[in-house]
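Shared between the two complexes below is chain A, which has chain B as its partner in the first and chain C in the second.
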Partner chain A sequence: MKKILPITNAIIAVISGIFVLLGYFFPGVFGGIQSTLIGWAIILAAFALLLGIFNLAMVHWKKIASSKSGNINSMVLLISLVVTILIVSINGPAGSWSLWVFNSFQVPVEVSLLAVLAVILVYAGARLLAHRPKWNTILFLVTVLVVLLGSAPLFFIGEITPLSIVRGWLTQVPAIAGARGLLIGVALGTVATGLRILIGADRPYGG
Partner chain B sequence: MTDVICPLCGKPNPPDLDECMYCQAPLKTGGFIAPPESESELSSSPSTSNKPGEAEQKAPEPSASSDLEQSIPDWLKQTEADFLDLSEVKPEEPSPAELSGQFDSLLSPPSTPPSSKENAIDDDWLASLLDEAGVGKPEPPSLQEQAPEEALKEPEPEPGSEMYEEGANLAVEGSTEEEQLSPTQPAEKPDWLKNLEASSTIKLEGDLFSGEPEPIEPAVNEIPEEKAQDQTPLPDWIAKTGSIEPPPSPQEPAESPIAPAELPNWLEALRPTETVSPSAPVEDLSGADIVTAGPLVGLRGVISAHPSAIRPQKPPTYSIKLRVTDEQQARVEMMKELLANEEKPTPLASRPIITSRNIFRLIVAVVLLLPMVWMIISGSQQASTPQPGNIPGVVDFTQQIQKLPSGAPVLMAFDYEAGFSGELNIAVTNVLIQLMNKSAYLTLVATTPTGPALAESLIKNASSSLVGTSGAYSNYADLGYVPGGTMGLLGLAKSPRSILPYSLESDNVWEGAPLNAIASIKDFSAVIVLTNDPDTARIWIEQAGPLLQEAGTPLLMVTSSQAEPLIRPYFEAKPAQVQGLIAGLAGGLAYGRTVGNLQQNGIWDAFSVGVTVSFLIILIGSIAGVVSKMLAASKKEN
Partner chain C sequence: MDQVLSSITNYLGVLFILLCLGLILFYLLSDRGRAKLNLRSIQAFIHFRREVDLAVEAGKRLHISLGRGSINDLQGGSAFIGLTILDRCARAASNSDKPPVTTSGEGVITVLSQDTLRSTYRSLAAEERYDPTNARMTGLTPLAYAAGTMPAIHDEQISTNIFVGHFGTEIALLTEAGERNQSLTVAGSDSIPAQAVIYATSDEPLLGEELYAAGAYLGAGGAHSASLRMQDILRWVLVVAIMVGSILKLLGILS
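Showing the complex of A and B:
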């Protein structure tokens, strides 16, 4: 069984990958098989999400049981999880109580995190040149300032058109060029990984 | 008095004893009868050998005739010379002239038969010479008739007899009296002759024994005893064997005058002489201790099994307590203390809450937030709002919405995080209001877990802000969360009915209108993706874009400012993969201005103030940092 199972896994993975790939080229012939396989994969992904939630709860439950320092955070997490599950199960996902929980806790917490991030970034930008007085640091700071000034009209000054043009050029040419280069590299790596899985050379499922 | 010499220990014993009084070895079989006192005294003299055999070797030899001397071959003469050179008694050996004289006396018989001269080669001629010399012959007339081998046999003089006494006397007198010996007297063999006999043939020796007329037991054993004592003492079994062997009849060799065979030297060398006279050394046990206790009592030379050696004793006990000095104990204590301190966690130095860094952070936060809060509270509208024409994609987005027929099915994907609600909610709310005004059938999906709740919340907010409607907007279906990431999107694009068959209310929305006509994503009138992640936007474009382009269904996007640079190329491409784009707060305000629903509420001014303050903080902080660095460097130089 130790030898049969890995081979079976490899055969299943390779055949599934080939059928999904052929579904792109011959949707009329392999479209149905492709949709069925994708449906199975989505179910498995949903189950993995449930498994992740269960694992998270178990980890924090062990922390509470071990009575280590900082278990109050785990306790808050478990209580929040249980209460949210109870509310959504009773009131429904679109119920008023469920939306109240979401709008009162989820949205403010996430927005506050981004607000703190904005403050930290401004502080780091102000201290950056003091820590690293180099030419690339100066170039980075100048770019940041130009994009900031071109994103919105300055208070009491208004929009500075040349800065807006420069900001547009910076975001559309250098930034996009770098991002596209990264994406092309990622795409090539994805193609190589897919081919390795299709031919069975790479077996992330084990075996 | 005649003593018997023990063959084992070599000590004299009284003749009446059967065993050695010293070593208990049997004396009868291998014992040696000591010579008379005079002989033993002579044998102990420095001029003679201690061995009795050697005493006989010193016996007078008959004078040799010149004919016989001439008949000796050269090789024998050379052997004789070599032997004399290598002899142990070299200093005592006579000079070559004396040797030749001895040899002459030995080889000079009273009468030399001509037949012996004819056989004068190798051992035969020597035997014939001895025969002619009458050595060992009790009856001289019959000696001539005997074979030469018999003549070589040494006669055994009886103790007390004339021959024995003369031999003993001659051994004392040396070579000077050898010439006076009569031929009838027993001839004494020289050393070289005995060695020659021992190295040449044994058969000849045996024949000499056989030639004994009256074999007397001690005399029979005497000759091998002498030979054995020359090399090593004989063991008992050999002595017994020698005593058991019956002496050959003296008449047989006399009646068979057949000349002995001439053996070549190589055959003589191959003869196993050790079987006759073993050369293995025998341990001398005369000095060994006699066992006085145990089962081997009385034996000599064996391991004593004394009871004290095998008596069981209690094993000694050794202390396992480690002997440690005070200094070592102090070091051990020090090591223990060090190890105990290693296990203890070192408490970190508590940092003060109020530090220059924390103060600067607080200053930045206060300076950044206070103006923004003030702008929102005051509802300032001093900053000019963005124009739709200046924001790319807003006008196209508006046109695509306006193209939608009334009650058209529109798929909306809420794929942004709740943290970006402040940036995106203005644009999303305006889009929802426009769609509600067109009574579009909204099909809500999400690829993030928080997306369905966010969609429900926005739908409720938008419906409440609709002008002229009393109740909530119900022309929509929230299908919920699509798991699986990219695969989920592909499945949703190809077969939304099978991927999300039920809404959050557990209704089969695909049975009723207008979703009953939807087989794939291209059957929707428009697809609007709301996301803050450029990767999510790209996946939508890659997975659902081909199907939508095939059917001419517009793909519209509402994104955050950070995703706008990456999505904008898809919008500006020819043909465009994204037909409409609203990016960030500026795009939302511009779209609101387009649809006539501008709800600024001081947000844009707060955003403008925030950007301005951020710029100033970064600029001032950078300059201050550089100046402080320069000051520090100048202080160092000074």
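Showing the complex of A and C:
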């Protein structure tokens, strides 16, 4: 059984993958079976989400049980999880209480993290020069500075026209050329990854 | 007319996929039994291998962050590379007291990372080492994911963080947590904004296709080396096509 199950998994995955791929190229012939398979995948993904939430609760329950330092955070997380599930179950996802929970807790916490993120990015830019003092680091930082200064009007000075022109050229020509180069690499890599799974060489499903 | 064009595009798409598949199979079969491929040196993978060995010796843990890409769309591709890296890390750290810990921001990726850990330990005849709580889902929105992953970096005696998958700019919070923890951060993503942030904030950035070469560099099997060679050939084909297109446009032949 231990040997048969991985092979069965691989066969199901490969056949499903081939049908979904063919559905993109020949929607008239394989479109129906493709949408059925994707529909099943979405249902399975929803169950996987529930498993993920259960896993999150287990991790934090273990932390509380082991009474390590920082378990107060885990306790807050578990209580919040239970309370939120109860409120959303009773009130519905678009109910006023559910929205109050979202707007009063989730949104402010995420906004404050975004603010921290801005500070971290500035700090990382400054630190980069100390970590990697190379010509490409200097070019990167100078470009960031020019784009930043050219993007918004400055206090008391207003918009600096030459900087805005340079910013426009930087974002429209070298940045787009570079991004397209990176995207071609990413696209080829994604095709290669998909094909490895399709021929059964990579089996991330325990096959 | 539109229908004919659409059919031609579809057939070209199938031809492209078949060409990729043919090249992978060709190199897979022709490289069988051959010595290791000569790959250009990528600093991130050299440091990564060294740090994995050091982590095992020092009894520290590896952290693999798989991002929050869904496998139902393109973003899942980079997470699959993360799963390959997870497999290699679990094998390398099989003698360590501290097995690697994985975090992700999507249910399916969490289940797949648990499955990868389980099948890796099973293949090493060490199933007792498998603990489902070592593959965790830490948050579902980008910032919730970052907020949930940061404590794992601080609390779990992590020596090396590997961020491989779909991220946004929130990855700066994670690389910063790694920096504060004085652990090495190797990071790669399929997203362009995340790559810019990774370049500035991580110790060892993996940019563009470097991320997808991870399997070949870490010895994950012949299929990874074969697909890397396929990518190299097609990249050159695309470079030539872009150059020819540019010249034709410059000459006014292409409108």
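Just so we're on the same page, the second predicted complex is superposed on the first by the 188 of 207 C-alpha atoms of A that agree within 3 Å, B and C clash if a C-alpha of one lies under 4 Å from a C-alpha of the other, contacts with A are read in each partner's own complex, and residues count from 1 in each chain.
The rule is short, and it goes like this: a residue touches a chain if its C-beta (ideal position, glycine included) is under 8 Å from a C-beta of that chain, and two chains touch if they have at least 3 such contacts.
Nothing here was measured: the structure is a model prediction, and the numbers come from that model.
Undergrad: Which partner chains sit in contact with A:L49 here, chain B, chain C, both or neither? Use first/second/both/neither.
TA: Both partners, chain B and chain C.
Undergrad: Between chain B (first) and chain C (second), which does A:T171 come into contact with in this model arrangement: first, second, both, or neither?
TA: Touch status of A:T171: first partner only.
Undergrad: Please work out whether A:A41 is in contact with chain B alone, chain C alone, both, or neither, and reply first, second, both or neither.
TA: both
Undergrad: Once chain A of both complexes is superposed, is A:Y205 in touch with chain B (first), chain C (second), both, or neither?
TA: second
Undergrad: I'd like to know which partner A:L128 touches here: chain B for first, chain C for second, both or neither.
TA: both
Undergrad: Using the superposition on chain A described above, determine whether A:V59 touches chain B (first), chain C (second), both, or neither.
TA: Once the two structures are laid over each other on A, A:V59 reaches chain C alone.
Undergrad: Under the contact definition given at the top, report the residues of chain A touching chain B in one complex and chain C in the other.
TA: 38, 41-42, 45-46, 49, 106, 110, 113-114, 123, 125, 128, 131, 179, 183
Undergrad: Considering the complex alone, what residue numbers of chain B touch chain A?
TA: It is residues 360-361, 364-365, 368-369, 371, 382-384, 417-422, 449-450, 452-454, 456-457, 460, 478, 480, 482-485, 487-488, 490-491, 494-495, 498-499, 504-505, 534, 538, 561, 564-566, 568-569, 586, 604-605, 607-612, 614-615, 617-622, 624-626, 628-629 of chain B that touch chain A.
Undergrad: Quick check: in the complex, which residue numbers of chain C touch chain A?
TA: 10-11, 13-14, 17, 20-21, 24-25, 28, 70-72, 74, 77-78, 80-81, 83-84, 104, 106-108, 110-112, 114-116, 118-119, 132-133, 135-138, 140-141, 143-144, 146-148, 151, 155, 169-170, 172-173, 175-176, 190, 192, 195, 197, 199-201, 203, 207-213, 215, 221, 223-224, 227-228, 230-231, 234-235, 238
Undergrad: For the complex, give me every residue of chain A touching chain B.
TA: Per the touch definition, chain A meets chain B at residues 31, 34-35, 38-39, 41-42, 45-46, 49, 92-94, 98-99, 102-103, 106-107, 110-111, 113-115, 118-119, 122-123, 125-131, 133, 141, 144-145, 148-149, 151-159, 171-172, 175-176, 179, 183.
Undergrad: What does chain A use to touch chain C in their complex?
TA: The touching residues are 6, 21, 24-26, 38, 41-42, 44-53, 55-56, 58-59, 62, 68, 70, 73, 106, 109-110, 113-114, 116-117, 120-121, 123-125, 128, 131, 140, 179, 181-186, 188-199, 201-207.
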